[in-house]
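Here chain A shows up in two complexes: once beside chain B, once beside chain C.
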Partner chain A sequence: MKEAVPRLSLGWLLSTFVLVISPHLLRLPIGVSALIAVCIVWRVLIFRGRLAFPGTAVRLLVVVFSLPLTVLSYRGEGAGLDVAVCLLILGTSFKLLEMRRRRDMIIVLCLCYVLTMVGFIYSQTIPAALLALVNIVVITSALITLYRDNIHSSVESNTRLAVRMVAQSIPLAIALFVLIPRVAPLWSMPIPVSSSTTGVTDEMSPGDVSRLSRSAALAFRVSFDTQTPANEDLYWRGLVLDSFDGRVWRRGGSSLLSFEILERLRTPSRGEVLGEDIGYDLILEPTQQSWLYALQLAQTNTADIVQDRYYTLQTRKPVTQRYRYQVRSALEYRADVRLSGALRARALQLPQEDSNLRAREFARDLRRASSDDEGYMLQVLRYFQEQPFYYTLTPPALGEASIDEFLFDSLQGFCEHYASSFVYLMRAANIPARVVVGYQGGEVNPFEGYTMVYQYNAHAWAEVWLPGQGWVRVDPTAAVAPERISLGAQAVLANEPGFLEDSRFSMMRFRDTQWLNALRLRLDAVDYAWNRWVISYDETRQVDLLDSLLGQQLRERIFLVLGAVLALFFLIAAFFLLRGAPAQMRDPATRLYLRLAADLAGSGMIMRHRGEGPRDFCERLARQQPELADDMGRVTGLYVQCCYGREGNEAGREQLLQELMARIRALRLRVASPTRRLWLRLLPRHY
Partner chain B sequence: MNPIHAVRPWFSSRMARWLDHRLPAVNHILLGRKNIFILPTGAGLLFLAATLLIFVTAINYVLSLAFALAFLMTSLFILGIFHTFRNLQHLCLRGLGAEPVFAGEEAAFGVSIEAQDSRRHEVLELAFPSAAWTRSDVEAGEAQRLLVYLPTQRRGELRAPRLRIQTRFPLGLWRAWSIVDLAMVCVVYPAPRACVLPGYTGLHSAGEAQSAQAGVEDFQGMRAWQSGDSLKQIAWKNFARGQGLMLKQFVETTEDRWVLDWDMFPGLTQEERLSCLCYWALEFSRQSLDYGLRLPGVEITPGRGEAHRRQVLRALALWQEDPS
Partner chain C sequence: MQDRIQAAVDEIGQVLLGKEQQIRLALCCLLAGGHLLIEDLPGMGKTTLAHALARVFGLDFNRIQFTSDLLPADILGVSIFDQPNACFTFHPGPIFSQLILADEINRATPKTQSALLEAMEEGQVSVEGETRPLPAPFFVIATQNPVSLAGTFPLPESQLDRFLMRIGIGYPDPKAERELLERGVEPEQARLVRQSLGLEDLVAMRKAAGSVRLSPLLLDYVQRLIAYTRDNEHFRFGLSPRGSIAVVRAARTWAYMEGRDHALPEDVQAVLPAVVEHRLRVGVEAEGRSAPALVQRLLSEVDVFR
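Showing the complex of A and B:
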């Protein structure tokens, strides 16, 4: 059946398509967006009768030219998924041009559902989810216009029906979401890695960390199983940088190994846990990088996370979506009590062509004056404390000998300056040391009790290896600006020019206005709950939740539970949607009589004509089925008496009805098939 | 040979028998759980395929919201069963029969659809097998009369096949249908066939006859009223006297009185003869001439008027009808 496109549907469908692709438009190359616009305008012109449907040649030409151009426009970025998404959108737009019949429109609408899902690959925030919900309502209304008569089809009525249907299907959708067993990915998929990384990078040169303090963007959120540790214990380790070229600190050694190699090595941790460990649950914002943040000394048994020799954590794929993981950390620990030769060499490396001669001399002198390594370290920290060092976001630019200039001339810097020069001074005195970058501190959300860590919490500090103690965390910034560590970056930097400069419209800037700040924290709490319970609901969390909801025994028979839920949904839906049957207006005698007639028809004996009187019917039955004549005659007599008889009082009529009931029942049992007879026996007498 | 071709007749006969048992011929039927069937449409399968695609992507990219979308679409699909089903439920179908037609024309069967509940039933589609669809909406609590067409091929009594009523409203993902036998019958007259009537001189005399007959009618007698007779000729006075419905019969003083005879058209087959007779019966009726009919075993005395015409055509339609 070829069915033409209802006129109203086309407008619906084109608006739906525009709505669905709108979130993708920013990501698409301009040429592709223009091509899509051309397709839409062309289709509208076809509808207006200005243009014809494109012929085969034109269609072929468009496809042959646009596909390679699309692929080429993505060249060099290596974004396979982006190309696929772009081609999907382009294909859908081309389909608009050959959309003549209802079937074509259904295909386009199904593609619109798929495109809605594609949006989730890029963003799963609450606004994205709400937009998707709107999309689904609109696509569903477009589907309704296809099957509705134009008289009843209006924007309002179609939307109302679509909203009702979507709302009605939400309860079952939630049940399926919670109950349907999640499985591990079937095959590995390319993921879109954005070229613009956020947060801490794997290089540190002067100015890198202070740059992050211009942003009020969220880095990650943590909720601790027990009490949140004090602010000065919250050193979120990201990367260890141990290779220095005189200006830039870089990663080196085994921290450059890929996840696959580290996974194969899986060397047991050389860390030694001393005290109690604390567990916490961390949701990392997308960084486009593969390392994770944790407190030293971290342990995790998640399959997707490995720990390298630097005690940093790495995950299988770059974090392109919010990523949730659980870690246990022992705040009292000993790490690498025995240092391997390679690691020691790395931790002592200094630039080959070093222009920081004054710093070297300073280190040599100070080490000679100190009794041991630890004493030397304290001397250096005292130097930071006693000299007029100034903790600032906007230090003066440094030249070639950056360490020298900072230590002895400018004396102004941010944490990367302190960490860098401190490690340099340690190494210059032959003490193994390295730079650690990550975040420090965090803000506790009073509503939900979790900790929010922002980009401006970015920090760099040092780790020094001391004999017998292993790697010890030393934060030279704390020596200069202790309040940075105890009160947090916000308290110290609030009045610095440049702080949060990139987040001009962030609510963070209004934290002094109490109700706005409360609103900000509330919204963040909602977003956090969304991520905790919806976005990161996966296999393991499902097992946990179902165990606590249903118990393990039922969880292992999840399909039974699913079946029960489905049955319940069917019952409820049937009750609410299918009720409203016509009320039985007939008197009980007629009802019984008609049931008998229906049974007679059902048994194939005789069909009562419409409007055939009871006596006529009885005569006809007597002719065709003589063996039923007597019974039917009696029933008919009683029925006529019940309906039309005037004699008798209330009690007499009731008695008559009872007798009719009994006789009709007997007759029905006589004519019924065996199964039907069983039913009749089970049913109440008056049925 | 395609094995499906071998199985199909067997299957359709089984199906017909099952349907006859489950949905016997009735004058009216209330659509409900017992007589509505429902299956997904092609669009529904496409929708499911899209859902499956979303589900697989959700698994592979571990996208919680894509899971949610897939489940929302699944439950929308399931919910579609109820919405489509209830669009057909509580409808009372009643066969109203059909006016006689000539073979080759389309028989228009009247069907009344009554919504016996308080919701509007939208986009109901009705058709006989391999015939054109009739679409309609039915407002809550109201009845809608529709004509459903069925092409006719040969004369005789056409028993309407099972009527299919279906709906895909609202989402088109499911098709709910019922195939009901409303026991409707349509009398199909033979297709008129122009041919030469021996002894007929043409329209000229007919024109004269028309002027001569106007109003010059003699009362001939009474006969009992039969259904199909004109109400104008009823002897209402006799009825008032309690003599039952009697018909006043008149005889016209016209010479043009023809008896269409089976033997008038030698050399033609049975059906062709009936077609010729039909043509001339219509022709005489149009010219308001008296005409009768004589077929083997059937004798209709000459007369005129609508009732007479019907009687003659009906006799032609039903005469020795091929039992097949």
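Showing the complex of A and C:
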């Protein structure tokens, strides 16, 4: 029964375990959850004496079957990480059934710490961090119960101690977080993601953008180095779509090139910066796509980002976690003053089998009536403005000739309808044009001064190439519903039936209640700060921070100094630990006497027991090694007299000590090993 | 002086065969001025040892057989109305004696036990509002049977603490047993023990033992032992300061009996089991182990030198 499992500790441990795995339960297959529950109940029944510990056969059976079953239940998902986490949790629950002694409980609790860390793979938000903190407190107090007997152990006092310990360790954790060198991971984890919020896709058909407006999910957050530009300047370009098949707009040409090829090509941007550029810092929510959002005309010098011929930005890997990048954009620019043949051909492409005959005719007539391309463009925009076009989230469905039906029959549409038909009309008049999808506008958070861009800010607009001006951004939506651009989607769409339909419980719906809205903005500001300072704290930011705190010179040395201090600390600790003896032994006679004992042990003659007094030791030695009996007897006599005997005068004591030293030395020379003997001769007499 | 101690040991050894260590411990306890508790099964020679000890010192000796109906007045004495003189006269009880043999002390009720134990601690008794001093050397040798506990009142820790030592006697070794069997039972054999030490010897020895040197190194060792009992989870609670003083006192006397003017770790080790075993309780962690086993562990775990 020794070191049996204490009742209080078991209760703590089981509740700790449940708490720690609870965030994982949603992801686990139902069978695994059931198995875990069985393990817990079984352990409780063992404690109550209803069941026995499972035998070797049962344990073997469970392990042998649960392993393939787990892998099978994840079949098809191909996520190795989920399987690994599931197996870890299962293994921990099986360990519950083997938990006989305190040592086992400590193992389970250590596994609980690991499981808490595993939680961060799935979520790195503030609530997740707070939950982890709570978990750590609970696990720690469970550990404390293990080291306290039932008399001194109460839930309250253990928790108090655990909170104190965790609170004390937080400053250290922060210091380590800031200071420990950040090394890029050797391998990256295949992060499982939910595909529900991917934002803008690389295809646009009628209804795609309006679908996004149902969601109040965050797309990205931006903070500008200087003043935030006006809402109507915030056209966050995502992708350029220039291939139209009559219904769907797709990417084409070089925008389909992969990152590696683009990186190899890496041609200098052919855009011309006219005015001041503005810098901003963007944190993109996971999109599962590799393109990034930026204002035209974007420049970046991040190694992981390239720009293609369409001035869109692409990153090396799909954005599966929050991704932070810095861009500078010139809002006044000229792009592609000379248009290459291939690009021009792409920008003029129209469907091969086109049924939008009315639109073609309309374009032909209108072009004939206008003096030049720009005049034609303004005519088209005026058409949008003057006809009773209606900007709505729920336009009627369109048939085969979607452009015709929209332009001349229904007159109801969302931005993709306008952008699509506008570009069509441009191309029909032989003017290069293309569709751009991305986000428009954003909401400034008044507390922190950054801009939040939501999925409902998704937008589609057009770019038209005009001779001498290059690509010019034209937003037909602005002609129909100017307030959409100046005030934002929120202001225009708030009363639309479909708006935010997918986010019924989003706080966004309550933005008319002032305090709730303020709360929403505050929470978002906190979350933003968390992402900016904690989640995206990497090597570069660490170096920047340390530079600003310490200056470059000091920073370069701080790791050296820190490392040296740590190394020294561990060396000293190791020295005292390995030496095995406390440093307080100052009595020279005892020190020598113990060295003699060590030599005797080293020579294999006799080992002094810890609790053996000098006379007992001497007697035992005399029995085992009679030839040493006389010498040892004399040494022991002198030692006893020296250390335990009556205090004589100083001189007498000194003389006694000298004699003892001489005798011990002589005896050690007799018994020590050859190397040790050499040391003895080399070292001073009192060694 | 050591010769006379040895003589006394030999004298008692004649009636308690092959138990020199126990006899020495018992003598050590009395020389250190402490009370002795002998705990063993019936028929192991508890009473014989107590008798012999009393006789070897030539002390004025009373034996009290404790039973469950024994009252404090039966021990302390009682005042009885004296008809001719028309006043109460105090009739002292058996406790007014230099050496008390309290046989089977755990058979008496707590009330009676505490009457005795109070006297042990204070060296005086209070009867009917009057404090009466007990004779100058005042020893109690109590015996108890640890096994048949039915109808007994085990002494609580606070009262066990009053005994300097608790010793067991144990079975005799085969040689001693053989001699015992050959000689046969002689009920009055303790009477054969001759007095070999006197009251003045006792005083002188106690004084001499008090001046035995305790070197700093030795006191360090004792402190390590005590600290171990207090920190180690195998003990339910550690040794009290009274207990640690007792260890040192007994070790000094032991060293003196060995003929030394200084105490050695071996002296501490010799007396430690007898002095501390009854003061310690086995902790939850060490359930099932006996206190003697724990004290052995204590002795082997604590380093003598560091």
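Throughout what follows, the second predicted complex is superposed on the first by the 394 of 687 C-alpha atoms of A that agree within 3 Å, B and C clash if a C-alpha of one lies under 4 Å from a C-alpha of the other, contacts with A are read in each partner's own complex, and residues count from 1 in each chain.
Methods note: contacts are C-beta pairs under 8 Å (C-beta built on N, C-alpha and C of every residue); 3 or more make two chains touch, one makes a residue touch a chain.
All values derive from a computational prediction rather than experimental measurement.
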{"item": "Chain B versus chain C as contact partner of A:Thr590, first or second or both or neither", "value": "second"}
{"item": "Contacts of A:Ile180 with chain B and chain C, given as first, second, both or neither", "value": "first"}
{"item": "Touched partner set for A:Arg148, first chain B, second chain C, both or neither", "value": "first"}
{"item": "Chain B versus chain C as contact partner of A:Cys643, first or second or both or neither", "value": "second"}
{"item": "Residue contacts with chain A in the superposition, chain B compared against chain C", "value": "B"}
{"item": "Which superposed partner A:Phe120 touches (first chain B, second chain C, both, neither)", "value": "first"}
{"item": "Contacts of A:His609 with chain B and chain C, given as first, second, both or neither", "value": "both"}
{"item": "Intersection of the chain A residues that touch chain B with those that touch chain C", "value": "1, 149, 581-582, 609-610"}
{"item": "Complex contacts: residues of chain B adjacent to chain A", "value": "21, 24-28, 30, 32, 42-43, 46-47, 49-51, 53-54, 56-76, 78-80, 82-83, 85-86, 89-90, 116-120, 122-123, 133, 135, 137, 168-172"}
{"item": "Interfacial residue positions of chain C with respect to chain A in the complex", "value": "213, 215, 217-218, 233, 261-266, 269, 283-288, 299-306"}
{"item": "Residues on chain A engaged by chain C in the complex (per definition of touch)", "value": "1-3, 149-150, 581-582, 584-585, 587, 590, 593-594, 609-616, 640, 643-647"}
{"item": "For the chain A and chain B complex, residues of the former touching the latter", "value": "1, 103, 106-107, 110-111, 113-114, 116-117, 120-121, 124, 128-129, 132, 136, 140, 143-144, 146-149, 151-152, 161, 165-166, 168-174, 176-177, 180, 182-189, 191, 321, 534-538, 566, 569, 573-574, 577-578, 580-582, 601-602, 604, 607, 609-610"}
